[in-house]
Each structure stands twice: as C-alpha cells, then as structure tokens.
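Following this line, the structures themselves.
Below are two complexes that have chain A in common, paired first with chain B and then with chain C.
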Partner chain A sequence: MDFIRNFPFFSIILAMFCGILSSVLKGKQARNLCLFMVTTVMLLSGAVLWYTTKAGSFIYMMGHFPAPWGNEIRAGVLEALTAVFFAVILFLSLLGGMKHIFFDVEETKTNLFFILVDLLMSSLLALIYTNDLFTAYVFVEINTIAACGLIMIKQDGHGIVAAIRYMVMSLLGSGMFLISLSMLYDITGQLLMEPAGEAVASLVSSGQYRVPLLVVIALMSVGLAIKSGLYPFHSWIPETYGYATPAASAILSSLVSKGYIFLLIKIFYRVLGYQAMVQTGITNVLFGFGLIGMIMGSVKAIQETDTRKMIAYSSVAQIGYIYMGIGLGTRAGMVAAVFHIFTHAATKSLLFISAVGLYEVSGGKSDYLSLRGSGYRNRTAGLAFAVGSLSMVGFPMLAGFISKLLFATAAVQSPAKMFFTILGLALSTTLNAIYFLRLVISIYSPAEREYGEEVSFLASRKLKAASFLFIVVNLVLGLFSQPIVDAIGVGLNQFI
Partner chain B sequence: MSRLKNNYENSRFHRFEAWMAGDTDILKGKLEIRRPEEPEEQEIELDETKINAAVYDMVHNRELRAFRILYRLASVILCLTLIAVLLWTVVYLPKFGEPDNPINNEVSARYIEKGVEETGATNFVTGMILDYRAFDTFGESCVLFIAATCVQVLLRLDDSGSREKQKKKRAEENDRIYEPKNDLILQKVSCVLVPLLFIFGIYIILNGHLSPGGGFSGGAVIGSGLILYLNAFGFKKTERFFTDRTFRRITLAALTFYCLAKSYSFFTGANHLESGIPLGTPGAILSSGLILPLNICVGLVVACTMYAFYTLFRKGGM
Partner chain C sequence: MLSHLAANMEETVSMILFGIGFTTLLLHKNLIKKIIGMNIMDTAVYLFLAAKGYIHGRMVPILTDGITDASAYTNPIPDGLVLTGIVVSVSVTALMLSLTIRLYRRYGSLDLDEIVMEWRKEER
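== the complex of A and B ==
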C-alpha cells in the first residue's frame, strides 16, 4: 500500500491531537500550533488530491477489521479537493481575523479558541472523509459544539443569545439526523456507507419498508438542511454570523454549514442512491425551498442596514442556490451545487474579513451609512470587498459568474424546472446587485465626516495579506474553473 | 475524617506561631483606622418587563400579538405532526426481537462469534466500542473534551484582566458563602460512601473488558464520588489534590495516550502490519490488548469532566 494513503487519517488525527495539546499551551503558542496544523493539513490533502487524480479513490481501514465490522474512511478526488479548499479558507480566515481574535477573546481564553478551531477542523475533515454513518454523527456533534463555542467566546450578550439560538436549532437538526440514522440501521442492519447503500438498493427494488425509508430520507435531508440553514430554518443565521468575532463568522458561514451539505451529498450518493432520491421527490422539495430561500434571503438582506447581518442574510440566499442545484436532480445540477459550495466559501469569508477592515477605519460602526468613504481609508479591504461583492453578483472573471453559468446550463438540461430556475437566478441576481452594489457605491462615496490620519495605521498587515490572497482564490476559481469542474465531475463519478 | 476548623486563626497555637514569626501587630486594636469611604457606584436598574412593554408595545401592537399567538400555535402543531409521523413510522419498522430482522446479519454475528478471539475481551460491547469501532469512541471522548472546553469558555473567571472583571469575579465568589458547610450527617455518610464509590468505579473500569461496564460508566461513578466528597468537605479540601491544573494534566495525558495508542493501532491495521500487542488469555484481568489502558483513559476523562462541570457551575473556577 502506498504511504500516501495514510494522509487523510494523518490529517484528521493531527487536527485532533493539536486540539488536545492546546489545552496546556498559552494563547500565542496555541495560535502557532493551529496555523501549523492547518498548513500541514493543506499540504497533506494536496498530496492526496494529486494521488487520487492518478490512482482513483481508495478506502482506508481504521483498525484491523475490514468493511462492515470496523470503521473506515474513504478518499476520492472530490473529498481531497474539498479538504484542500477548506484548509485554505480556514487559514486565510484565521489570518485575516487574527487581530480581532486576540481583541475579542479574553487573554487567558485564547488557547481555548484555538482548541475549538482545531477540533472544528478535525470534525470537518472527518465529515469529508468518512465512510461510516455513525462516525459522521459523532463528528457532527463535535462540529456543533465547537461552532457554539466559537459563537459565544466573545462573551457579550448578543453572542450568548446567538449561541443559544444556534444550539437549539442545530440540536434539533442533530436529533433528526440521529433518529433517521437509527431507523436506517433498524431496516438495513448496516452502518458503513457501502453495505448500507447496497441494503437500501435491495430494499428499494423489493419494495420492503417503503414508509420507514421515506421517513429516513425526509428526516436526514431536513435535519442537515436545518443545520446548514436552508430558508425556513434560517432564523439563527443573521445573529450568529453578525455578532461572532470576524474570524468565527467567516469560518461558520463558509465552512461549517458547507460541511453538512457535503455530508448530505455524500449520503445521497453513497447510501440512499441518487436516482432513488429523485424518484421519492425529496429533491423537488429541496428545490422549492432553495428557490424561495434565494429570493427571500436577498429581500431580507436589502432591508438590513447592518452590513454584517446583510452579508449573513446573503448567506441564506446562497445556501438556497446550493440546495436548488441539488434539487435539480441531475448530474449537472449537482456539479453546479458543489462548485457553488466552493464559490460561496471563498467569497463569503472574503466579505466577512474585508468588511472588518472597513469597520476598523469607520469608528467600529457597521451600518452602511457609517462606512461611507471607508474604501479610501483602507484601500486593500475596500478592493477586496468590491471584488467579493462583484463575485456574489456574478461579474465575469470571478467565481460567482462561473457558478451562475453552471446553474443556468444545468437548468436548461432539466426542462421541467428550467423556467423557475432561470427566473429565480435572474431575480436573485438583480436583488444581489441591489444590496451589494449599494454598499460598494457607499464605501466609495466621499465621507461626510472626517476621520483622522491615524486610523489608517489600524489596518493590519495580516488582514491585507489575507484579503489579497482571498482575491487570488476568487480569481483562480473564476478564471481556471474548467479543471476544478472536471475534478468535481470525476469525484462525483467515484462516489457511485 | 478531619473536620474543617473555622477558627484556626484564633487558636492558641496559631497566635504563638505568629508571635514567633514576628507577625503580631502591636498596634492592633489600639489605633482607630478609618477607611476613606468609597463612593458607591449607582447601578442602573433594568426592569425587563417594562423595557419589553415599551419596545414591543404589546397593548397596541396587534400585529405582533397575532404573530406571537400564531407562532406558538404553529410550533405546537409542528411538534405534534412530527410526533405523529414518527409514531406512525414505528408501526412499519421491523418487530423488536424477531430472529429474521435486518439487524441480525453478518455484522453482529461476527461480533458475537469471533469477538472474544479477535479482541480478547469477554464483554462484546467493550470489544466493539474500543476495538472494532474505536475511532468513533475516540470521537466521543473528544466530544466530552470539547464540551468541557466550552463550559470553561462560558463560566471560568480568570484572575487576569481588567478591574471590572476582578470585581465581577469577587461578586460571583460571594455566592459561595451561602454554600452549606460542615454538615455532620453528610460528612459521616460520605466517609463511608466515597471510598466505596471510588473502589467500585475503579472496579468497573478495570473489569470493563470482562463484565458489563467500562470507562464511561466507571468514570461516571468516580466522578460522582468526587462530587460527593466536595459537597461534604468543601473546596479547601478538594483543592489540595484537584485543581484546574490537575484537570488539564489528567485530560491531556489520557487523551494523548488514547490518541497515540489508537493511531498506532489504526496505522498498523490499515497497512496490514502486525501490531505486536498481545491479546492475552480471554477472561484474565491483563488481557485484550489495548482495551484495558484505553478504558482507564476514557474513565479518567469522564470522571474529570463530570467533576469539572460541577465545579465550574459553582461560578468561578475549579
């Protein structure tokens, strides 16, 4: 066996071990360890990506016992690509929000923040690589608790209220996921994805246990949809993303919710069977809610004056896009949805991080009137924010354009849903343009009040570097999209 | 069985010791020292009900009132629907305990038939959670660890920080004077119970691979023993052997050992190498390879986490 096959396991265990070790370290040491861990995971996952494109997907036994008895993880092109991408986004988010982490979090508790980040990374990696349904549940738990901790670590009233809200909604989702998992075990007797998938396929063809299977599908989709914030279950999003420390907002919006969506896609393909899912009509339900979310999220965002909450509502709309893609029920739709996971992760974290650069020079206020002229006071953040906004609106050369193009192309291939998809895309894009361009115009209009010269010193070098790198990631996704889209296609083929 | 003496400072021995050390203040009680009075800070009283009434204007805001009623009604209906759907599904699930149910397949057959031979543990459940599916159990231990971390984030009050935080900490610590102290009945009973609880907990952990039990249940028993001891004798006694630092060290050591041992086992297993860990004779106390030490680790983590939760909710620190 090639040594490189150990790398997914190494990256999960390294992230966990760094989390455990950080409990006795000081804040700065924990930070360095965390950055080292993320960089290493990035390199390891890059190696796995290189290996899987050559040698195809592989299964890694966690212990001495093979498939239906012991735990397993699995790595293919899509898993490796997602892991690399998540590591990059996590690194840049931490880099951009670093100053605020040390400002928002109590000095003696900064190491706890990095414990949470380390374990969050390990759980995201486990959700990506897992080939076992129960492992997925255990790491969903870790993910939920870590996200809660990241929200409340700022320790002000808003943060705690937001954390409670998040916890209630998220635990409801976890509970549904757990119930559906135990029902699935009851009717298949398997916990590993492949044997469970075979058992489900035979149940579908023989017509046994039709009702429980339907309930399992519904509970699993709804549970993970609540956790990722699909439209009618979005009420926790604005406060959570709006009041957490900036790095945490970026991580939560671009990685945590995407981890659940990735898990859902994996379960759809590997356990429940994608064709069977399309036949049950659950994809139509997801399509409908995704479409409503696209419109309603944008409408809510227009009404919002606080920029961070506005960006958060825009997340609701973008999650809607992803579910719409999944709901199209075709391969092209799924490719578009996965590509949009990457687009949204890259763009949303860019927006959250660069928005911070803009408040810093506007007296800490975040409503969009106070941000007037901030694009001149902090040029890097202003440029980054403009790029992020244009990408969200779908400006050519940027990531958002490609994903909108992919969605539209996918819609043409499924005639029944074409009209609504194209209409939704058009409407949502227009609404996106209204609130994002309003903000971009406002940060580049001359300010009414004067800010002293000294404010320009506040813009930290790390934030500048992170914003710049985020722009690069966005341009890479926008300009060199074809190899990535091909890789996603290859990865989805390997799922079956 | 020593009771905490409250009046140690007034005891003859202490006064003698202080005199020897030259700590006795000659002027004590003879000079009138008056502290400058600190201006009392006026706290703004917040009446939640009044604020709510002013913000939402519940009397006149009909729309909001209707929305609230509708919201509650909708949530009740949603819950009832979910309950009904789940109950309805139960009817269609396979009957409990039938021999030809889907769960009675090759998976559980191998756990039962070959479990003893492959893991060395006569308790199948332990063999399953700590050998066949040890990765999940490592995840579960990390769930406990991260939960303890989150409680620390929320409730730990640290010494450093601004004056305001110091003041907050002192205000929180004031709560502790209301804690019951030196309850004779509790102390006598816990003198009998605590050693028994510890021994029983250790027994459960050490015999986890032989009989029902294991790290999670044994750790919970030890943790409750610690909590009982704490309640009977107070923090001064427990702080002599269990502080924040002890908690961190024990958790770190246990989880690190678990992590390294299992990484070794996963690595050898996946690469089809011999792990070289002897399984011993099934049924003996020193058998079943890594399961015994792993059970001890899990037990330590669980006991420490339970105790940590209890002490952190006292407000302040461990």
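== the complex of A and C ==
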C-alpha cells in the first residue's frame, strides 16, 4: 500500500503533462483529456485520503537528497481532503460551463483553455502538497499566469482589462511573498517548511531577529491576502469574476483564491508557528480586515444590479469570513475557516454556474430585473440558484449554516473577539439575506414580458447534471459535516 | 543606525529598489512603466539574494585546483533561487507585455485610467 505515497506527485505531474499534451490536440480532445485528468486526480487524491487517515501524514522525498537540501512533498489528511474537494469542484464547474467555453472561446483556441485549466490544477495541487517554500512561490506564479489566461481567454476588451488589473494586483502580492521568502531564507538558512519552522521556533525562543521576523510575517500574510482578494485589495474581483466565461468565474472564485489561503494556513502552522503568530498580533490585523470585508463586500453587493458582479462582491464578503476565522487565533476558528473554504468553494461555483442557466433564458441579460420569472423558464437553474443563495445566507441543512455555526462556536471560545465576531456574523448574514433573497424572489416573480421559443430551453443536460451534483455537494457538506470537521481537525493536528 | 545601513549596503539598496518598484507597479498609470516597476521590484529581490549568498573570500561553487573543502566555496542555493526567479519574472513580463500590446491595439492608449474609462463607456 506504500505505493500510494507516490500519488500526490503523480497527480501533480499528470496534470502538468496533460497540459503539455493538450497543446497539440484539438479542442474536443483537449476537453476529454482534461476531464480524464481531473477524474484521475480525484481518484488518486481519494486514495491518498484513505491512506493518510489510516497511516497518518507522510513526507515524500523528491530526487535523492535528504531533508535540509532536497525538495519534498508532504501529504496529510487535510491536504488530501482539499485535493479531492478541489478536483470535484473543478470537474463540476467545467461540466456546468462547458457549452459556454465552446461558445465564448474562439474555435482554434479552445484547447488553450484546457491547457490553462490543466496547469491551474497542477499548480493548485502543488500549492496544496508542497513542503518547500520556494517551490510554493514558483507554483504561485504559475497559478497566477494560468488564472490570468482564463480571464483573458474570452478575447474581448473586457477580458483583457480585467486580466491586466488582476495581474497588477497579483504581482504586487507575489513580489511581497518573494521578498518575505528571501528574508526568511536569510535569517533561517532553510527553505523546507519543517527545518525552517524549527529554526524560526529557536529564533522566537531566543529573541533574536525579532524585527526581521515580524517583517517576514507581515509581508507574507499581506502578500497572500492581496492575492486571495481580502477586503481592501479586492478591486480586481468584480471585473474579473463578472466578465470571464462562467466556468472560469466559478474556478477562479472557488479554487484559485482558496489555494493561496491554504498555502497561508500551511505556512502559519508549519513555518512561522501558530502560537508565535498569535503573539505578534498579525491575527488581529487579519481579523479586523476580515470583519470589514464581511460587511463591505455585502454592502457593495447590495448596490450592484448585475447578478454576476453581485455574486463576485459576495465572494469578497466570504473571503472576509475565512480571514476572520483565521484571525480568531484559536484552533476552533481555524477549523471554521478551513470548513468555510470548502463551503464557499461549493456554493460560489454553484451560484456562478446556475446564474448562467438563468440569464440564458432571459435574453442574455444579467441585471436582476431582467431575470424576473427565469426560475420558471429554467427550473433546474432556478432551484440550484435558490439552494446556493440559501446556503450563502445560512439556511439549516445547507453548507453555509454549518460554517456560520462553527464560526459562532469558535467566537464564544475567544472572549476578546466574541462580541465583534457575533455582531459581524449577524450583520453580514442580514445583508446577505437582503441581496440573495431579493434575487431569489425576483427570479420567481412573474416576468414583465413573454419570452418566446427562441430562449425557451438552451440549457444543456450537462448544466442540469452539474447543478444537481453541486446541490448534492452542498447538502453533503450541510448534513454530514461532522466527519469533514473531524478530518479537518486531524489534518490541522498533523500540521504541527 | 547609519553604521548598520552602511554595513549592509547591498541589502539597504535592494530594499529601497524594492520600494521604488512596488510603488511604481502600484501607482503608475502607464502600463509600460508598471512593467518596468515590476522588473525593478524583482531585480531588487535578486540583488538581496545575491548579496546574502556572497561571502567575502570564498569562491563560486565550481571545483577549482582540486580544493574539495566546502568552506572554500559559497552556497549555490541563493544563486539557484535567483536563476529560478529570473525565469519566472521573464515569463510574467512577456505575458504583461503581450496584454499591453492587445490593449494598445484596441484602445490606442497605454494609460490604464484612460483605458478603464473607455471600457466603462463601452459597458453602458
């Protein structure tokens, strides 16, 4: 069974080679190869999950150089669980947005779209599994380039402006990450997470290099926060998610930003030391920005009339939730934050995919007044959108409820931040309810004009299937949350 | 304080360059200047790494005159990091420049503010 230890490496390299191979394939073949790759990665990561729950976490040596010199992959329960989950979400997003990919992208360039998805999957897996800081930086950049390609693949002015704005913000983030990495290497002499973590721990206990260490912590957190779109750095989010092809929006909002947050959590635990982080007060800063993001993202979403931009602003609020959980500075807060990564990935991709189904039947318009009655014209998409909205608002049985419950429980355990967390949750939930329920009511109220046969039913069976499966994922997260929460706890324990 | 700065001159310069590059990338309107800023920012990091990797009196890690004692050579890893960083920075620069060309062809301007204004007009 020890053969399974190879699987994390296999899945990264498989995704990368599929990308290279797709460059000589036609669009449909590249699509099939990509779907095959994602399914295989799902199965391989599933096997890793099974193995790690039984045998604990393991470190996989790349090449033949042992610990302080070589490169390493590390897999534990949390890594494997995240990989499985990301593969599922990627598969469903591609399935749901498939028709639009072939519609939005020029025919000769469809294989490029799948190359980018392959590279994105490979870099996400590498961010999840890697145990080396500089490797993490390289894959952060690959991830950024692939994401930029996905934004601009819809060859119009919007796409390119959105892509360049995304790139500028993202490069600021990676520059900060790179300089903090170099400083950390400078004061510890290590790039692998474990030896670097030990060196940082001894520096903290001896009180040496206090200021450089603080600078490293600040730059690293802020750099990755910019890249994942925490509140004051969110300016690129609405344009980016609002104009990309639907599958790309779903992938970008639910996976790309989460990859960076996962890396940040991993660095917090394995390199900088979580207790040391809490003592420096950086968690308080993240908590503050997360809280402001929760409120401001929702306020902006209420002002927005365009559905897709509204969903994008809602992402800003949800990223705020995740950083608030990290910022609580307790284990329970971190578990809630990781669970919310899953919740948001499942729900936001569901919303983006089902919103497509809705405005396909509304003459292609996406402001919420034009969407009136679309829930009757495309019942599957309407149902899926309603489920997604209710999950975002925190309706019991759905994923969003569990994460809100976890956040609230975590808040009670940290008295200093309890008041603000609960207040923020209450406010943000109310604001969420305002704009999501407004939309749900609007799609189920009678239309002002008749839509003829021309828009009667464009939605494909794939979109239907994807919507249903997304609803199932949401219900699974909502109804069977305990095993997942336990697995997250086990995974976080393995980090230390 | 000043003596510390003088003793770590390379690091000080690299931090100043990083700041210049960072602000140029963040605040400048012109896309080409933004890209130049990004390159300054990355180069500052390479200077930092190279300065940290250099130890006075030691040789580059290539075996010379049969000296096998490790203390005669510097650590090759910082140089390796610089090379990897350069590769990443070149590819990102190429991507940014290609995006800039596309934008210039479409909007006839390199000013990001103007481009965004044009773009908002199109949206209406």
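The criterion applied here is as follows: the second predicted complex is superposed on the first by the 494 of 496 C-alpha atoms of A that agree within 3 Å, B and C clash if a C-alpha of one lies under 4 Å from a C-alpha of the other, contacts with A are read in each partner's own complex, and residues count from 1 in each chain.
We take it that contacts are C-beta pairs under 8 Å (C-beta built on N, C-alpha and C of every residue); 3 or more make two chains touch, one makes a residue touch a chain.
Keep in mind that this is a model prediction, so the values were computed, not measured.
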item: Partner chain in contact with A:Val24 - chain B first, chain C second, else both or neither; value: first
item: Touching partner for A:His158 - first (chain B), second (chain C), both, neither; value: second
item: First (chain B), second (chain C), both or neither touched by A:Phe9; value: first
item: Contacts of A:Leu178 with chain B and chain C, given as first, second, both or neither; value: second
item: Touched partner set for A:Val138, first chain B, second chain C, both or neither; value: both
item: Partner chain in contact with A:Val41 - chain B first, chain C second, else both or neither; value: neither
item: Contacts of A:Cys148 with chain B and chain C, given as first, second, both or neither; value: both
item: First, second, both or neither for A:Glu106, with chain B first and chain C second; value: first
item: Chain A residues touched - chain C or chain B, whichever exceeds; value: B
item: First (chain B), second (chain C), both or neither touched by A:Met61; value: first
item: Overlap of chain C and chain B interfaces on chain A (superposed complexes); value: 134, 138, 141, 145, 148, 152, 160, 179, 183, 185-186
item: Chain A-facing residues of chain B, complex; value: 85-86, 88-89, 92-94, 101-108, 110-111, 118, 131-136, 138-140, 142-143, 145-147, 149-150, 152-154, 156, 158-161, 165, 248-249, 251-252, 255-256, 259, 263, 265-272, 275
item: Touching residues (chain side chain A, partner chain C) in the complex; value: 134, 137-138, 141, 144-145, 148, 152, 157-158, 160-161, 163-165, 167-168, 171-172, 175-176, 178-179, 182-183, 185-186, 191
item: Contact footprint of chain B on chain A as seen in their complex; value: 1, 5-6, 9, 13, 16-17, 19-21, 23-24, 60-65, 68-71, 106-109, 112, 115-116, 119, 122, 126, 132, 134-135, 138-139, 141-142, 145-146, 148-149, 152-153, 155, 160, 179, 183, 185-190, 199, 209-212, 215
item: Chain C residues touching chain A - in the complex, by the definition given at the top; value: 18, 21-22, 25-26, 31, 34, 38, 41-42, 44-45, 48-49, 52, 77-78, 81, 84-85, 88, 91-92, 95-96, 99-100, 102-103, 106-107, 112, 115-116, 119, 122-123
